[in-house]
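Naming follows writing order (A, B, C and D), and every chain is counted from residue 1.
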Amino acid sequence: MNYEYDKPISYCGIFGIYGHPCASLQTYYGLHALQHRGQEACGIVSRSFNGGGRAHFNILKGEGLVSEVFADSESLNSLLSGNSAIGHNRYSTTGASKSRKNIQPFMVNYRLGNLAIAHNGNLTNAKELREELVNEGAIFQTTSDTEVILHLIARSKLDNQIDQIIEALNKIQGAYCLVILTDNKLIAARDPLGFRPLAIGKLDNSFLVASETCAFDIQSAEFLREVEPGELIVIDDEVIKSGKIKSQRINGNPESKKHCVFEYIYFSRPDSFIFGHNVDKMRRRLGKELARKHPVTDPDGDRVYVISVPDSSNTTALGYARELEKQGIDARLEIGLIRSHYIGRTFIQPGQSNREIGVKIKFNIVKGVLEGRTIVVVDDSIVRGTTSRQLVHLLREANPKAIHLRISSPPIMHPCFYGMDFPSKEELIAHSLNGNIEAIKDYLEVDSLEYLTIDEMLEAVSEAGKENFCTACFSGLYPTNVDLNFKKEMYEI
Amino acid sequence: MNYEYDKPISYCGIFGIYGHPCASLQTYYGLHALQHRGQEACGIVSRSFNGGGRAHFNILKGEGLVSEVFADSESLNSLLSGNSAIGHNRYSTTGASKSRKNIQPFMVNYRLGNLAIAHNGNLTNAKELREELVNEGAIFQTTSDTEVILHLIARSKLDNQIDQIIEALNKIQGAYCLVILTDNKLIAARDPLGFRPLAIGKLDNSFLVASETCAFDIQSAEFLREVEPGELIVIDDEVIKSGKIKSQRINGNPESKKHCVFEYIYFSRPDSFIFGHNVDKMRRRLGKELARKHPVTDPDGDRVYVISVPDSSNTTALGYARELEKQGIDARLEIGLIRSHYIGRTFIQPGQSNREIGVKIKFNIVKGVLEGRTIVVVDDSIVRGTTSRQLVHLLREANPKAIHLRISSPPIMHPCFYGMDFPSKEELIAHSLNGNIEAIKDYLEVDSLEYLTIDEMLEAVSEAGKENFCTACFSGLYPTNVDLNFKKEMYEI
Amino acid sequence: MNYEYDKPISYCGIFGIYGHPCASLQTYYGLHALQHRGQEACGIVSRSFNGGGRAHFNILKGEGLVSEVFADSESLNSLLSGNSAIGHNRYSTTGASKSRKNIQPFMVNYRLGNLAIAHNGNLTNAKELREELVNEGAIFQTTSDTEVILHLIARSKLDNQIDQIIEALNKIQGAYCLVILTDNKLIAARDPLGFRPLAIGKLDNSFLVASETCAFDIQSAEFLREVEPGELIVIDDEVIKSGKIKSQRINGNPESKKHCVFEYIYFSRPDSFIFGHNVDKMRRRLGKELARKHPVTDPDGDRVYVISVPDSSNTTALGYARELEKQGIDARLEIGLIRSHYIGRTFIQPGQSNREIGVKIKFNIVKGVLEGRTIVVVDDSIVRGTTSRQLVHLLREANPKAIHLRISSPPIMHPCFYGMDFPSKEELIAHSLNGNIEAIKDYLEVDSLEYLTIDEMLEAVSEAGKENFCTACFSGLYPTNVDLNFKKEMYEI
Amino acid sequence: MNYEYDKPISYCGIFGIYGHPCASLQTYYGLHALQHRGQEACGIVSRSFNGGGRAHFNILKGEGLVSEVFADSESLNSLLSGNSAIGHNRYSTTGASKSRKNIQPFMVNYRLGNLAIAHNGNLTNAKELREELVNEGAIFQTTSDTEVILHLIARSKLDNQIDQIIEALNKIQGAYCLVILTDNKLIAARDPLGFRPLAIGKLDNSFLVASETCAFDIQSAEFLREVEPGELIVIDDEVIKSGKIKSQRINGNPESKKHCVFEYIYFSRPDSFIFGHNVDKMRRRLGKELARKHPVTDPDGDRVYVISVPDSSNTTALGYARELEKQGIDARLEIGLIRSHYIGRTFIQPGQSNREIGVKIKFNIVKGVLEGRTIVVVDDSIVRGTTSRQLVHLLREANPKAIHLRISSPPIMHPCFYGMDFPSKEELIAHSLNGNIEAIKDYLEVDSLEYLTIDEMLEAVSEAGKENFCTACFSGLYPTNVDLNFKKEMYEI
């Protein structure tokens, strides 16, 4: 059992650094700060030089947290030596992806030398590309989209690595943020729609790239700017000297952006700056909008207590409570759920008699706060609904007067093809109950349930441009061509 | 390095259950809920019966979290079989205590059969007792006080185990909560001054004992009452049948109580009920009192932002912010620090150049919340001050207008002999600076610093009786005889 | 399943060193050389000095081979620092003894300081002593006899450790070789009947004690002499200076010796010198005597091929083959069985269909050597007979003309109370078939089977004194009082 | 430090089975029997079927012994389900090859489905092929030759897998034994010169392929025949039904064979049958030839004692001793060295003062056997000479009269390009001393040293055809084109 509360699952966090004497140590700190984007496995590739000045790539990957896989400082200091490195955090979900060899970065040797790559996202034409490549004689060692990109680069007839990469990126569709390490450069690229965040930083003379800016803060690096949608940047020794990053467009003119709104709702850390804004601020606005459109009052005029599901909805709940108060409602933010942070990778399950133990292992209720009171639970999303239901049962043990549930995103009805992992459509509670919020309310056994509508949600994040967000998982309107019947398992090895 | 933010260290959590078919599984859940009381090591002893009806004790102990040591359900189901069990979480601090053999419960065989014991607390006359015992030929395998209790029981000439235990407890002084498992009983005892909490619960027909009531909540057990200071209770098959717990006084009349106030300030989980009250409520009152006596206002009339050091001071900060608002100060609770929960047992350290990395690995700041603002950081205590200082430096990176620090306990000036582990007096910042708050403020580089005074603190918890608390670590007034020169290392093996 | 070929099991190997700058490293080598005496667990205790010149004991114990438990040179260099150390290899057999806490050396603190002890052997009056001690209030943490010795020492009213130890040893009966480390001495003692071997060595200025002399050879230490039966020797700083070992009698006059003849037959390494003679020479003589009294000839005058069960009967088979040749029989030593040395602690078992896989995992036959030939398998002992039977089946796969089995010891009919671990009497094939060799032959499905008789065996080792050996497991004649009904499980915790 | 006595290193053992209900369990046993061919890492790929009858490949690989990597029977029963499987044992030597991803079998997905491959040997035109492939856009994830073969297969335009494989094999040169598992077949192939052994077996209805026949014996499978040099065999469901293996030639007519003579001298297990003969018999003949051409007699007419370096030269020494006796020399086989089998993957090294500890950890001398005697040490080869020299020093501790060394192979002067791993030429003692045996003798400090000459060696194995062996490492006459300047490190990733 995965003890993560029933939430959408992001695929990964990526990091790269060029030109720092402790490149792998800095990558280690960066990956640690990005740990929330993937906890199952991680890896670092560093580039050092042999006696003869020939580039040599070093790799260490493994299952577990960054602090577990790189538990030994020797690994970082001697094994992963060199002044440039890239790293990756991964969140495995399917059986196939649990294979060790799906752990990134991938590292290969091809016509123009060594190349290591780390990828966050999901391609939508991977199947076609893969079939084409396979017909041309390519061999695949994983089911990962990333390997498709590697083949495209390697098969390019062009003689310049940057040109090869641009050529390859022009063939792929979907969501990608990439960091690539070659014998003499660090390259970062972001898809033209900008689904996932990617930022550029600076530490002394070195340049850094990371999924979120919190990876810069941990090492007191300066945040320079985001990689633009459709932009490819190159860091090499010249850049280190000049201090001027090389940049080029992947393909022609910028298209309209389609950021994943879930980065604001749930994925990113509140202290990160993505899509032009502080996550913290946007998340608070989602809470405020939720309060404006879906407030809770007590029929008897009693005070309303707002509680978050820690830690992911803390900021949203803060905004919600504040807005209620502002509207003159007698409301208060309270700490009604305590989250245990001592849960390891496995936890022993009880038999039938004690069904709520799963959620109790993760959360404890503060009875004194809840008893006899009208409670608003603010959460960011509902996927299967099973854990939410258990959580509501748990809260009922404190005998609250009423439990109202407010969700800072719309109902999730459709699969994501851009790097989030939901269960199958059939398992999505909103889908299986045809988006009938009343029915979901009944299933969850709450006194009332409200979601943000798509419009309300976009209103809340409108400072970043309402039209700049992908809403596919709520609306079914995919911004790129997707094959709705596609299943990764189809070419599972 | 220990990545726990620089706080007092509690010694342990204990749990016992008698008469449940899945005794060790329930103990596992109980210990998980008590994990915050000790994360270094844990153990469970269960009692099963051999073919011939002879009691057999089973044991499993190890270093690590409950979910790590008991990762395998086979351990709980088959190895730790039986309908009664006790368990222990331990927080190791000194070199000696890191030895595997100091992991509790201890299990021995003596004249009246098998006996397993788990202990939370610290004896103040252990040295004298140990010397006496050693002179009589006792051998010691650990440096633990608990072994002294075992010897006292085993050497008793009395022929009834309960009488033996009472006799032994009458010889020891200091702080103890004990659970003892024998061939046919579960015994729990709490010292006459009631330093540490201990509660009794009920699950179906079985009875439970735990350091905090949160260990009952996780398994939906009913909280019956606390074990009284100076009370010894017995659970055996008769008790299971009758439903009436056997209870007796350890020694004569109840003395005045001396609860450890740090259980309210920091140790216990907010969702627990101890010393007659909800921790959550008391912790909030400490925050409110702190706000009443030591408010923060901005000289320019700007809004004041209250932030907690998560997670331990969340509730206190909530109370502080609320009270400021109530007093008409333009104040707001904010989330300005994010805590990482992905830190393993070890974390690789950088060199000199990046001194704040230690605190940055654990905390990240939310810049947008802090920049240009007047910040009040509410924390529960300061021990060495080194981490607080680093944390302040970290907050400064966001360029706040001012940083005010408010502490919901008085300055810690003296060692604790009742189960908390501080560094040596010399390392206590308040002691080394002679309790000069101005000097501490300068060291921490904050704009202002205020502690609760002892009286203010007692006022905040006065609902539980001002006189019912030990204040020794603040005042130096020890409620029992203590040997101020005593060092555990003196008889370290 | 234990993949050791079905043999008697020795309990342990012990080692001690006093006055060497790398005491624990030398102990490590010594224990490695003694690994054949116990592979389940091992431990080392070293004595270093604190700043104040106070002795400090360091300990590291664990399950596994010496090279596994002490895999890290840091353990030996820094953790186990000091110029004196003792160590122990253990062979666990029963469920109880599998508990980690039964791993030796044991280390305690008592009236006269620290004391660590490692023990090879088995006491015959442990039950009475334990009961006495328990009645006096002693607590037992293990089921080990060794803990009895510790209590006896600690309870002595005498004020000199040597006197205390002598007093304790005068109370115990049975088999023991002990090394004891105190704050200022290394003490070694051997029981008056000299059941198990114990030798003294010298390396530069330091003195060593070990179960077998092979532990000296590995470190190029000089073998001085054996510890005499009933002798206690002391090494302290004076001894280091003077070069003269202090020695005293444990109790009065030397009794007649009762060496365990299985040390010659099977336990000790052939390159060791024990009981006054080279093991290798005695083992060869057992083979020669076996050939003289139980030769094999082929009825058709064909050549006879002698094969050993590697590695334990290699030397015996060499002696057997040589003697046959000497007698004019056309015989040849051959390598007909190859032993795998790549077997880890566990090996996956097949289902019913392939019963011989257990023995095949360990042994492979060299078909070309066996096919159509008359084979004599020389083995040192038969315990349960199950593995021998499987081995014979395995050999039959090569279609030999005939398989004759010759055993260089008499049938094992009785339990050992002096430190060997057999299965229960009922499981001993010789006992369950009433010593009927014809019936054993039929069970094993060999063409002929012969054991050495007790007299023949004693004749073979007569150079060391026929009367100097214990023959209890063959004859049932125990040289000390034993309680035939005693079972260790009786006071199992 | 590698504690293997200084010997040539073979690369691998391979195994495959088709049509057995417990395919992975049988592969496990097979790999265990082949463990001597590689102890660093191992892996198994099995083929099962999904619900829809689609083939699914399962994989488990890891560092360590077969019994360690597959310690859990669950892995074999559930993870590695299916009725067909292949496996591989690997001996890593260089830094690069230590990477986890070099562990075989390799498993890929390509145009015609899944394909897993395990390879024993070394290609001599891998560099050219790799460069060609890379120029065509292939990406390489390892430095292994085996990946070259995979690319050649995948790039074939042919539409039949067997044809693709044949096409690929016609492009490669050098030494290879391959097992390949596809969605519906097991394929085995052996290079036209037959450098390495490969055999076919049968177990019930299933067919097996293994590097050596000892892998059949362990599971009581029948040995059918060897795979011929230049033969490719196919096992599929038709073969299972018909019982008739499909076979075809890889390329035209059989060439002359070039078996690796070191398989007889040292690599293969004595109980295997390879190159048409029992290894045991051929190894004995090498010993006899050595005795005939390079006997040892004592100048004073004393008896000569022949000892082997266990276990690898046991059989050779037996042949040597026998032949001496046959020639009327007073000679005797003796056990003068005992080998420890308790050495783990690492062993702690001492400082300068005790240089022989390395060899002493592995070997102990039986002094009584050696003292004052004329000794002939029979060994199979000398590579660097450093360990031999240490071994001689060790033997000198027993004060023998003389030590004569006899080697059952010629001096190793040249690198092997067909799957053996020697150190660099400069480190080969025979090369660095220009093949001057007198100089080697002086370095090793033996009284005399003799090797078999190439002719004598071929004479000893002549029953298998003198001209059928490769002698390149002795003579420098390579049977295929080789690039003497080639270094694998050249394209190390």
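Rule of thumb we're sticking to: contacts are C-beta pairs under 8 Å (C-beta built on N, C-alpha and C of every residue); 3 or more make two chains touch, one makes a residue touch a chain.
All values reported here derive from a predicted model rather than from experimental measurement.
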item	value
Set of chains adjacent to chain B and to chain C	none
Mutual neighbours - chains that touch chain C and chain D alike	none
Distance between the centres, which are taken as Cα means, of chain C and chain A, whole angstrom	60
Approximate Å spacing (C-alpha centroids) for the pair chain A, chain B	36
Distance between chain centroids, defined by C-alpha means - chain A, chain D (Å)	48
Chain D, residues touching no fewer than two other chains	none
Overall pattern in which the protein chains touch one another (line/ring/star/complete/other)	ring
Chain-to-chain touches, reported pairwise for every pair that qualifies	A-B, A-D, B-C, C-D
Chain C - residues contacting chain D, complex	22, 25, 28-29, 32-33, 35-36, 39, 65-68, 70-73, 76, 214, 217-220, 269-271, 278, 280-281, 310-311, 314-315, 318, 322, 332-335, 338-350, 354, 356-357, 360-361, 364-369, 397
Touch list for chain C against partner chain B, complex	56-57, 59, 99-101, 106-111, 114, 134-135, 137-141, 150-151, 154-157, 491-493
